[in-house]
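Below are two complexes that have chain A in common, paired first with chain B and then with chain C.
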Partner chain A sequence: MIDVAPEYDVIIIGGGITGAGTARDCAMRGLRTLLIERGDIATGATGRNHGLLHSGARYAVTDRESAAECIKENLILKKIARHCVDDTSGFFLTLPDDDLDYQKTFVKACQNAGIKAEVIDPEEARRAEPSVNPAIIGAVRVPDGSVDPFRLCSSNIVDAKLHGAHVRTYTEVIRLQVRQDTVEGVEAVDLRSGEKLSFRGRVIVNACGIWGHHIASLAGVNVGMFPAKGALLVFAHRVNNIVLNRCRKPANADILVPGDTVCVIGTTSDRVRYEECDHLSVTPEEVDLLLGEGMKLAPVLAQTRVLRAYAGVRPLVSADNDPSGRNISRGIVCIDHEKRDGLKGFVTITGGKLMTYRLMAEQATDMVCRKLHRDIACQTATTPLPGSEKGGIEKVLKKVWPTPTLTQKALLGRAGALAGSLPQEEEAGGSDLVCECEQVSVSEVDAALKHLDVHTLTDLRRRTRVGMGTCQGELCSCRAAARLARKASDPALARTQARAFIEERWRGIVPVAWGETLREASFTEWVYAEVLGLDDTL
Partner chain B sequence: MRFDTVLIGGGLSSLVCGILLQREGKKCLMISAGQNALHFSSGAFGLLGCMPDGTPVDAPFEAFSALAPSHPYRKIGRTLCESYADAAVPFFASCGIPLQGFGRRNGFRLTASGSFKRAWLAFQDVPFFSSDDALDGKRALIVTLDGFLDFYPEMLSDGLRRRGVESRCVSVHLSCLDALRGGPGEMRSVGIARILNRETNWKQFGREVRALLDGEDLVIVPEVFGLEDRIVNEWIAEMIPAQVLYVGTMPPSVSGIRVQRLLKNAFIQAGGTFLMGDTACDPEWAPDGTVRCIHTANLGAPGIEADSFVYAGGHLFGRGIESHPDGFSDPVFGLDVVCDADRASWVERGFFQAQPYMGYGIGTDERFRGLKDGRTVENLYVAGAQLAGCNSLQEGSGAGVAVMSAMHIAADILKRTENVGE
Partner chain C sequence: MSENSINHFEQCIKCTVCTAYCPVLGVNPAFPGPKQAGPDGERLRLKDKFYYDPSLKYCLNCKRCEVSCPSGVKIADIIQSARRRFNDDTPDLRDRVLANTDFMGKMARPFAPLVNKVVSLRPVKKVMDVMMDIEQERTFPKYRSKGFDAIFRSDFAPYQNRFPRHVAFFRGCSTEFQHPETGIAFVRLMNAVGIGVRLLDEKCCGVALMANGLWHHAEKNARHNVKVFSEAVAGGLPVVAVSSTCAFTMRDEYPGVLEVDNASVRESITLAEKFLFEQVDSGRVKLVFRKDYASRIAYHIPCHMEKLGWSIFTKELLQMAPSISLKVLDSNCCGMAGTYGFKKENYPYSQAIGRPLFEQIKSLSPDVVCCECETCKWQIEASTGYTVLNPVVILAEALDIEATCAANGGFVKA
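Up next, the complex of A and B:
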């Protein structure tokens, strides 16, 4: 038998931020790297969180190890991923219901973890961030910020590919090839074509977040995951410019994070069954809780339209019996299954946080390198991601767009220095807008369709923010679907993609369907069904 | 200020009712906030396209008896509905709006995605056929405009192909539109239609299309012409040696805006007073529970008195009803809204499923007089999309309910005042 399966040094399973970061790190260290993801990138917990660039302050009191990791990575991401980061700073607010003594404990713990925490006068906090509850009795300023997880994940993927990595999305691993005590490769299926695929790898990295439980079981080993669901709400406006936290032990719905044009309140934390992880929905109780607690941080939320609700699952690793998972460490878990289970060539990287993805990737890649007997130093802490090169954005502003339009500014925010390389002005019609809410142009959409592994409109949304604004895709989904169909030379995609996208947007609207949100949805219903006839079966 | 009838809302239902009353000598005031459903028109009026269970309907009047007794058509009754329907085409023609139709049977409108949708009447120039196989076997040239993203030739072409209609998609560059491009919100149907209203511009379009034609039977173009006068559509068609079909675009609807303007003009010409950009608020109640007067946001005190009030404020989008986390309400009069109490049952999980909330509306008695705390408000009528008892999107009955309820209310008001005169 001739084995023609391509061979890699390392195969990473999982296209979330951990897998993407690991693929980048491995590729930068010269390893022949393959990343396999069963859906699109950033579809799991990566894309379903606050987008908070933690300072670590939140964990300073309860989880010092995570806190220290967070602040270290916070400072690194502000350098290497500056086009993904909004350096807003953050407040920890004490409300009349909260114990002001906790503030002292909190500040001390921050200092111990190396996090700058500055107690400020409530009056100053109200001045700096007018949305805060005027009743606050205490405020501490910390170096929190916000980060766009889709952009961060995509940038890591782009850089991994620039360093020679192969990336296969919509490819599901169905079996691990285990011979005696060694994992030697994976068998997968291309979910779009149905083609069966086989890849040999000297080390396999399981970076599937909560789904790592399943991949581990394919290898015959057990990783005890604790699926902790967190629900969040997106508001239609950016009501705050500074991240707002409650200064108390971490609890439900006590963080409000501004991100691009919107802001996000979250989260809840409840254990769910492993089987539920693929079909999460947000309950009315969760919505009411998030709204009620959110208004305590920023009362204006009571009058702010809720755009949508979503939920993710934290990939926590089981500890003692803890019904909410709040007390499980957010620390990184990197398992060498050879040491633990006697299974060679298999590594699981899990736990951790979006914030610490780079460090997780570094630890996983270090382990891979040890197994391959390669001694190459990690450089991800100092090498900027594509788009964040030193002086790159400034150069674009100086040489390409001295007076950028609103669309160009928005693009710079999304693509950083890469924005300058888009054929914005050269191609006729390139500056026509596909998405007016988020200022996404035809050329940005076309570039994403061409270079960023986009197969569906939802993939496109993760790359460009198409459909993420106040109209929730009403105006842009058909425009973008038509573009996608044209690029793919498959006219049928225009209808199916527009329909699928609007269904996906609707799922997030259902839990918050009242007021202006329902009003806007009723208009979308009318246009899509009655005017465009997209409800008809052809 | 005193009127015979004050109409709240400036959409199809209010306009039809107002014109009928004003033409009979009633002194009417219409309060319009601005946009209404006509601005987002599909180009056709639906009467009953399918039953609440989804069964398609070809002969709508015959299907009325199977509707729930609370349905507006059942309140009017089939015989009266048929007489209103017979009166509708001459009525709209008298307002300068010629309509196409197939008597008491539904026709089929070609949608922008290449499907055929059942409807009762359609504006002139809208592709509207007696059967859904009218285009089978033909060849089409689908023409769009460079930079116009709200018309989807690929989607239309794909839809038509599945019906056996082969098509070719082309795009025409009109330099007169260049100034619109790049600005958010400007390269939309109405902005384009304003520019293409100029003779040199639509003639250039006609010439370009004629040059691109290669023996196709049909030319399908986005409906961005004839904003001021639909005769332009005929003139363009005369330039092109093929059947020209104007297919609706993403809103706003050029023909809907034209129809709205024609109806508004007819109301004003008949002597009606049209209050633009204002909203009704703060009604004052008489001791017998009737409405004594209404205020508006701009006019303030004193209130506007009338014998009768017609409330046609639209559905959620028109703000005729509002929703909150704990229920639905009428923002102006506080009338009873018929809806499910439990928030979880307002919506279905599939976007294109029949959505329960779309069927919520204001409860009325048999004569469409609004109910407040279960009791009829004797001089307050409710018309159009605001009415409970039908899911007009799912049934394809929006315009039908608007027109029928408007005609029924106008007749009721006229009959009542005649009786008073006797």
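Up next, the complex of A and C:
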């Protein structure tokens, strides 16, 4: 049989932020690029963290190299990803239980890493951020912020595609084609159609985070991943507009991040077995710990509705020849398997953090380019992501929507300047709402369905925030499912998708199902099971 | 989570029943409705002031959403509080004129006949419409040359000390400047049942100031009134109002929207009908009604009366009069909402909201319409042609004053 598999310069496996950033960088440097992801984009650790735009201050004392990387990337993202970033600033608070001497060590370490850290009067901190524990005895202001990881990942994908990259989600790599000492391509399955696929690539990049362990094993090499689970709680609204950190050695539940309409407390850190990574759940002990510690930062959390709980796995990598994992680094790990294992055409990029994804992508792409003997400079540090162009949002407000509605404002917040290119009232009812909590319109949903690789309601949630508000899908599931089914010309899809979405939302609610959260979930259950008849067990 | 929790907007479970009860939503598509303007919008506004939606100004603050909410969310308070915190449009001349009910009253009083005449002239109305956006279809309520305060001082004050117990009377701007007869009726009622009346050094309750964005002024008035009320309450006097909106504002909007603590006086702020009913109900007071007074009365429950939950007292009192035939109108907003209906941009909505009420009144064709709110009165009178009276006025008329005085040891100067 004649081999007609499409050929790429580079095939990136993994549609998290690292893979998305790498695809963008490769495509911008003119490489024929394919990205393959077995699920949706941003499903792993990318979508399961605080969404903290680190200033690096958290690592200043313990990991100066990471801290310096963070502040550099922090300043870059504030420019290239304006619409994904909320430049809130952050406080490092010293509580009466904490050692105030640590503040000196902390400020000095920040200065050494190039992070602006300004000691402020506790009274000033209380004034600037009324949610802080009034008992604080010290406060330092740092340039922390928050970043929406879904939006950041999606923007990188969009830009990669605009630069010619091909992106295949719901496509699982089942085998790497290795001939002698060279990886030459991948064999994959389209999980939606069951179709077997094969792609040839001159370089394969393993950007699968914690799952990179598995992909490496397909190539016959070992990347020792050490999964560390982190659990987080989402509160139903923002209690703080400035990131709150504890000024002490990094520990459990010591960061409260305001992200879009919610705020998030986290995290815990526990070793889990590799097999558990696909089925994480948050335990009652973790919930208690997160709430207990969170209230110390912001006492009002005691009276704030908890929306859901979730957990992610940090893609920590053990140093070579260190099977015990004692020397685990949180820095970037970019492995040239040709050098390390004698396997040509295979690169693993892992470790690192959401914060340093662009730098990780740059390092990986540099390595790919060296292998391809292409000498093209990286431009991702200076080229804004689509939607974040300089003056773009201002232009939309001036030219397209001089008096924006709340829904248009919300869309501007999510899509940045791209909001202006959304078809205006494409058809009657385009401005109707699908999601009322987050103000997502029919036209925004339809645009996402059309352009953003959306196959399920959960994918749609990651692109638009549909179902992320307090009602957790109660009002929007059926409406969104109808749009999805209409796009797919498959009426039956509406039922299965609405049901699957409500079930997915419920899984995140279970660990925190008390009070108003339980009341609302019960109401939702009544609407969907009793009124709409979606409970097949009835 | 208690109803007073600072995060009460999170109690919303999106049942959306408030949306069905909002009188604005059905007539003005530019208003996002109570759920979205209230608890939903609040989450976005907490993120950034940018997400403040100027269409919140279409909210009537009728509180019907709050009455309907099964989850205890103070929806209208959230909306009003958002307007207070985020709307930085400076109120224009029109809004200031409409808002400063007491100042305008004092200014107009010396020239009342002239002012009343001038503002009712077609060309003047036209000019106000074009220049100030005050709807020309509206007629301003007439100012009186002699206000209630002056009438009280000359006619009633001298003998109030003769009574063994007293109430502090919050007369409100409309009694002072436009409808002193309501105040007179109140004093006659109280005196007839043996209770003396003391006036308060009051300021406007602030409802019109709040509606027009003069928050600071409203807050100042609130603080002043709470202070004055504390003195009255310390002296054992309840604070009795005749306007349901004044009473409601001073009880609930002071803490809920203006964040002025009124906890020490709140329970002592009451409405004439509630106070009188409780007196009768506890047996302290007896009412004797005229045999020759017959009237078919249609009772409109003002929105703020619905929110207070006090219409039962008015109904009970009116039904004590043997020859009053009382019909309680369907619960509908009249559309006036204080100064809202005076504004040109709101006028069509104001009329559309009130239409079901107007039609019901016309079909019933009562002798008189009765309600506790003066701006409902203005709206209903202008839109139906029927006379609208405060229940206090009707009660004073229906009462056999002499017999009531005799039964309670009261005294009313002829």
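By our rule, the second predicted complex is superposed on the first by the 523 of 538 C-alpha atoms of A that agree within 3 Å, B and C clash if a C-alpha of one lies under 4 Å from a C-alpha of the other, contacts with A are read in each partner's own complex, and residues count from 1 in each chain.
As a working rule, a contact is a pair of C-beta atoms (placed from the backbone, for glycine too) under 8 Å apart; a residue touches a chain by one contact, two chains touch by 3 or more.
This one's a predicted model, so the numbers in the text were calculated from it and none came from an experiment.
In the superposed model, A:R519 makes contact with both chain B and chain C.
Applying the stated contact rule after C-alpha superposition, one finds that A:Q439 touches each of chain B and chain C. In the superposition on chain A, A:I502 makes contact with chain B only, while chain C stays out of contact range.
When the two structures are aligned on the shared chain, A:G194 is found in touch with neither chain B nor chain C. In the superposed pair of complexes, A:A494 makes contact with chain B only, with no contact to chain C. Among chain B and chain C, the chain that touches a larger number of residues in chain A is B. Once chain A of one complex is fitted onto chain A of the other, the partner contacts of A:G342 are absent, as it touches neither chain B nor chain C. Once chain A of one complex is fitted onto chain A of the other, the partner contacts of A:A236 are limited to chain C, with no touch recorded for chain B. When both complexes are overlaid on chain A, the residue A:A410 reaches chain C alone and has no touch with chain B. By the touch criterion defined above, A:D536 lies against chain B but remains apart from chain C after alignment on the C-alpha atoms of chain A. On chain A, the surface touched by chain B in one complex and the surface touched by chain C in the other have residues 405-406, 436, 439, 475, 515, 519, 523 in common. The residues of chain B lying in touch with chain A in their complex are 37, 40-42, 46, 111-117, 146-147, 149-150, 152-155, 157-159, 161-163, 181-182, 184-185, 187, 248, 250-251, 253, 315-317, 319, 322-325, 343-344, 346-347, 349-352, 355, 357-358, 393, 396, 398. Those residues of chain A whose C-beta lies close enough to touch chain B in the complex are 284, 288, 405-407, 428-429, 431-434, 436, 439, 442, 475, 478-479, 481-482, 485-486, 491-492, 494-495, 498-499, 502-503, 506-507, 510, 513-515, 518-519, 522-523, 525-536, 538. Within the complex formed with chain A, the chain C residues making contact are 1, 5-7, 9-16, 32, 35-36, 39-44, 46-48, 50-51, 53-55, 71. Interface residues of chain A facing chain C in the complex, by the touch rule stated above, are 236-238, 241, 258, 260-261, 300, 303-305, 403, 405-406, 409-410, 413, 436-437, 439, 469-471, 474-475, 515-516, 519-520, 523.
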